[in-house]
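Following are the structures in question.
Shared between the two complexes below is subunit A, which pairs with subunit B and subunit C, respectively.
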Partner chain A sequence: MSRRGSLVKRLDRSGLGLLSPPLLLLLVVFLLPLLAMLPTSFQPYIPGKGIGQGFTIEHYVKALTDSYYLEIIGRTLALGTIVTLTCLVLGYPLAFFLARTQSRWRPWLMLLVVFPLLLNLVVRTFGWIALLANRGLVNDTLIALGLIETPIKLLFNFSGLLIALSHIFLPFMVLVLVGVIRNLPRDVEDAARTLGAGWAATFFRVTLPLSLPGILAGSILVFVLTVSALVTPRLLGGPTYKVMSTLIYDQFLQLLNWPAGAALSFILTAIAVGLISLSSGLARRMGAGA
Partner chain B sequence: MSDLRLDGLIKRYGSVAAVDGISLSVAEGSFLSLVGPSGCGKTTVLRMVAGLIEPDGGRIFVGGDDITDIAVHKRNLGLVFQSYALFPHMTVAQNVAFGLHRRGVARGEIDARVKKALEMVRLDGLAERAPRQLSGGQQQRTALARALVVEPRLLLLDEPFSNLDALLRDEMRIEIKRLQQEVGITTLFVTHDQGEALGMADQVAVMNRGRLEQVASPRALYRAPASAFVAHFIGRANLLSGTVQGRDGENLVITLSSGAKARARGELGSGACRVVVRQENVRLVTTPTATANSFAATVVVASFAGATAQYLVRLADGTELHVQVPGARADLAPGTAIVAEWDAADATVVPDVA
Partner chain C sequence: MSARSAERWRARGLAAFAAVILAFLMLPVVVVVLASFTNTSYLTIPPKGLTLRWYEAVFNDREYIDALWFSLILAVVVTAVSIVLGTMAAYALSRRQVPASAAITGLLMSPLAFPGVVIGVALLQYYTLTGLRGGFIGLLLAHLVITLPYTVRTILASMAGADAEIEAAARVLGANPWVAFWTATLPVIRPGLMAGGLFAFITSFDNVPVTIFILGTRHMTLPVKIFTAIEYGVDPSIAALSTVLIAGTAIFLVLAERWTGFHRFA
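So, the complex of A and B:
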């Protein structure tokens, strides 16, 4: 009885008691199935028959040595990085404007940013197909203007994915950045200006460094969403231009190679988790300064 | 080091004039407090001087130069914010060095000047700390060092004490005054606290609803307030309404609203007025003095506070007076019938503007 009592007290103090229902739910519906995949990823695959008995690390070895897999992993990471940078470069000025504008249209402008999220992902992706196809709006317009003679290939390759994914994930970056920039203390910027810093110096020495935590948070979000996106790469990449998520999908559902699919999933997860912990460590270091 | 002169400064927000024609000058090396209730426009004035708010009218001169159209970062003024506004991502030393870097001062000289500035505010040991590791008082000293290290033409202080606890506030008040005298820098100090305003300044400017009510030395302001607002805002004086009847030698003769006659100092010719009587100038006696303004009164509330005691007394017509007497002589119980009186020389007449 007394031990139970002290346990309850301990839980109370840590706040774990309060957290435990959602924590338990996450554990059951998310972590357990994930962990259930772990043994599968170490089982052999027998073509035509399915999962065999025994223990093997061949799926991991293959994924990390085979040039076909390596290219896809590399392409996925490159896509994640470039989409993140694109969203950052496009999103920061927009977020800065939205955070600072005194316009009474501000709520409507915010809605405009969020608006794409209200459309179904598949619809948005098909929209991009209509725009980017060889006989799509973009190419037709460029040809009509005489800027190009033959259509630029924008579908089933890197540029198509880059354009569509940047569009789809931009709102996330903007929303995170608006929150952070709105909370920057204006006095601090004013102080910089009174001390002799012009517009550029104030921005680069004060505003930008202080919004780094938001830049980091938004970037992690967009990166993780990009490398794990399935629908858009599936539709815009076609059957041949693959990224990790479509590769995993194919392994599971086309080839029924669950072990390889599971192994690739864990590699993707490891990359994401590694990146998040790296950058949250970085954020804490910057937080120590901030 | 330069003097500051404001000439008809105006700032409107929509149809409201937050600052409605302020003209003011601060002599070179002197300390002026701009005091008023919150929302009176005092901070707007300071921010216009700093260049953070653009005035809708009027000019600002520093050392004779018109700086009204000069950008903030080229004004070379030192501003200490209410929030201190230290750069959270920099150390104390980097904070102080910021303005010097922006001015392109050589690295070696920066180090020397930062060191000297930190010594001046007695923070020499804390140069490598982050602002959030400092106490409120230390943050304020950092902000002060950061503002002064660039040798600005003016020092602007925006409610610098309101985030400090009472003890620290007194300490910092003396500290800032000492620094200001040492450096000899022209200072504009904005506060809502009349005690701070009087205690620190050579001159006090009282603001109300975007306008200046009075500019005077602390003593003159206290002794001879120009308006009922100033009398009440500075020192919470008793204000008795009445009408000026005429002049009797040095004094004005006033009929109070109770019908009783009273004498007081003042320049007013005629009409509705308020008689200003400071709490400490009211005497509570048993027999009235012939030459004084004497009224029968009853003690309503007695409150002993150590060095002083506060009384609330009620005159025959219902008028209530606050009275402050030395604590050692306070022995009146509520209900005691008494005579409240004050000398004509201690009372001032101001116009009654409702």
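So, the complex of A and C:
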């Protein structure tokens, strides 16, 4: 008995031993760098010289009151919201089809959803440049069809970012929803139909409410990914049409205003991490209620 | 119209909608492939003429080839180390009594919640202070941080399906811990290791938001190289290079599906 006890203790120590390399990595290359950026965000910025001495909250105040910054933050949140809704409207029917189809092609259709995710993001964004440019495929097609006479501007503005980001994050929404819809109890739907509910009533009063946890999880994921995205907004928005992440990029690499960039980074992080923890709390409540 | 035929039409409508959305998902891919064959010096779809000269231009460009090799080597090293670290963490969390294991799991997953650009700028400042900026080690460590959540998660999931008793039996029968793990547990969690490794490889090979801030001038990765090239202006050689990556990714995906039944892990 005592031998067994000492064995258990030895194994426990080995558990912490096994965990220490990955935890050390996170401490040194993730937590410490983030902590080190915190004081930077409270230091003054002297144009032409860089980071000054002293303590100031001006970067946070400016980010949350200055109309230029507020417009960019508002644009980022609006983009996140509309991209999320678009992914939901386009993704739910596709996910429903993929979850329910009996087709033997199903694994391959799933791979069609996964493929864009694995493909280099820069390549996908480049595809959208070719599609949305003034002489791109979308404008050429619309002109050939006689729907417009001169090209409409789809790059360096909201609509271009909306289309491309919806495309890029749609697979995430679909994969989350497929998982949830596949696990729905089919007998509840059958019961509703047997009891005389029509197709629409069954869908809107049984299937859709039961898939709400998946809708919530997928929406939070797509929203956070959209407001965090850097590559696509930078390449399709150019240096002028900015969102929060490209503003941070410019503050660090172009303007060398690290304190302002650090403050904006913490505001963006607060939005992303705050939403994720809020949603996991909500999911627990919904799980407990079900 | 009978209820049954209405049902059939609804199913067809849904299938048609799904086909349109799947086509939308593949649209930029098809466009890039088409644009790579154009004989013009500007990007145009459908291509005018048919030429492979943009492929020739890309394969003769040392900068692209060097960046490709560097990205591949970095991704392979990152994947190998990430699998080892991920297995250590997942094994400890699922097979040992670890204090605060929920908090530790949350910490290991947390790089997923942070915007890549924030991790990137934090490392830019930190690496500038510590002198790691621009070196291979700095890149490796940064990529390990962003790939670890994927390896830990998939390996944890496969650990849950592996029977701990088999390894315990091997220990009782006298096998040392390494042999017991290697022969009793590893074969069972291998699909999880493979899937986690694939995610780690793609995450490393694909990354721009973190990499671009810590790259310096000594090294160049392929996605950052393409990213900066597009910022300077697009031409069909970028489409040719993209098509090479599209073909590589497609082969990778088909092989991954054969080996691991990849779509179940996505």
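We adopt the following convention: the second predicted complex is superposed on the first by the 262 of 290 C-alpha atoms of A that agree within 3 Å, B and C clash if a C-alpha of one lies under 4 Å from a C-alpha of the other, contacts with A are read in each partner's own complex, and residues count from 1 in each chain.
Everything that follows uses one rule, which is that a residue touches a chain if its C-beta (ideal position, glycine included) is under 8 Å from a C-beta of that chain, and two chains touch if they have at least 3 such contacts.
As the structure is a computational prediction, the values presented were derived from the model and not from experiment.
> If you tally the residues of subunit A touched by each partner, is the higher count for subunit B or for subunit C?
Touching more of subunit A: C.
> Report for A:93: first if it touches subunit B alone, second if subunit C alone, otherwise both or neither.
second
> Is A:201 in contact with subunit B, with subunit C, with both, or with neither (first, second, both, neither)?
first
> For A:110, decide between first (touching subunit B), second (touching subunit C), both and neither.
second
> With the two structures laid over each other on chain A, which partner does A:191 touch: subunit B (first), subunit C (second), both, or neither?
Touch status of A:191: first partner only.
> Applying the document's definition of touch, where does A:61 land relative to subunit B and subunit C: first, second, both, or neither?
Touch status of A:61: no partner.
> Looking at the overlay, does A:128 come into contact with subunit B only (first), subunit C only (second), both, or neither?
Second partner only, subunit C.
> Let me test your reading of the model: by the given contact rule, A:209 touches which partner, first (subunit B), second (subunit C), both or neither?
In the superposition, A:209 touches subunit B alone.
> Check the residue A:171 against both partner chains and state whether it touches subunit B (first), subunit C (second), both, or neither.
Only subunit C; A:171 stays clear of subunit B.
> Output the subunit A positions appearing in both contact lists, the one against subunit B and the one against subunit C.
In subunit A, no position sits in both the subunit B and subunit C interfaces.
> If we count contacts the way the header does, which residues on subunit A are in touch with subunit C in the complex?
Against subunit C, the touching part of subunit A is residues 8, 11-12, 14-16, 18-19, 21-23, 25-26, 28-30, 32-34, 36-37, 40, 90-91, 93-94, 96-98, 101, 107, 109-131, 133, 135-137, 140, 167, 170-171, 175, 199, 224, 227-228, 230-231, 234-235, 245, 248-249, 252-253, 258, 261-262, 265-266, 268-269, 272-273, 276.
> Which residues, counting only subunit C, touch subunit A once they are in their complex?
Its residues touching subunit A are 6-7, 10, 14-15, 17-18, 21-22, 24-29, 31-32, 35, 43-45, 85-86, 88-89, 91-93, 95-98, 104, 107-108, 110-111, 113-119, 121-126, 129, 141-142, 144-145, 148, 152, 177, 202, 205-206, 208-209, 213, 222-223, 226-227, 230-231, 234, 238-239, 242, 245-246, 249-250, 252-254, 257, 261-263, 266.
> Name, in rising order, each residue of subunit A that touches subunit B in their complex.
Result: residues 185, 187-188, 190-198, 201-202, 205-206, 209-210, 286, 288-290 of subunit A touch subunit B.
> Looking at the complex, which residues from subunit B come into contact with subunit A?
Residue positions touching the partner: 50-52, 71-79, 81-83, 85-90, 98-99, 102-103, 130, 143, 146-147, 150.
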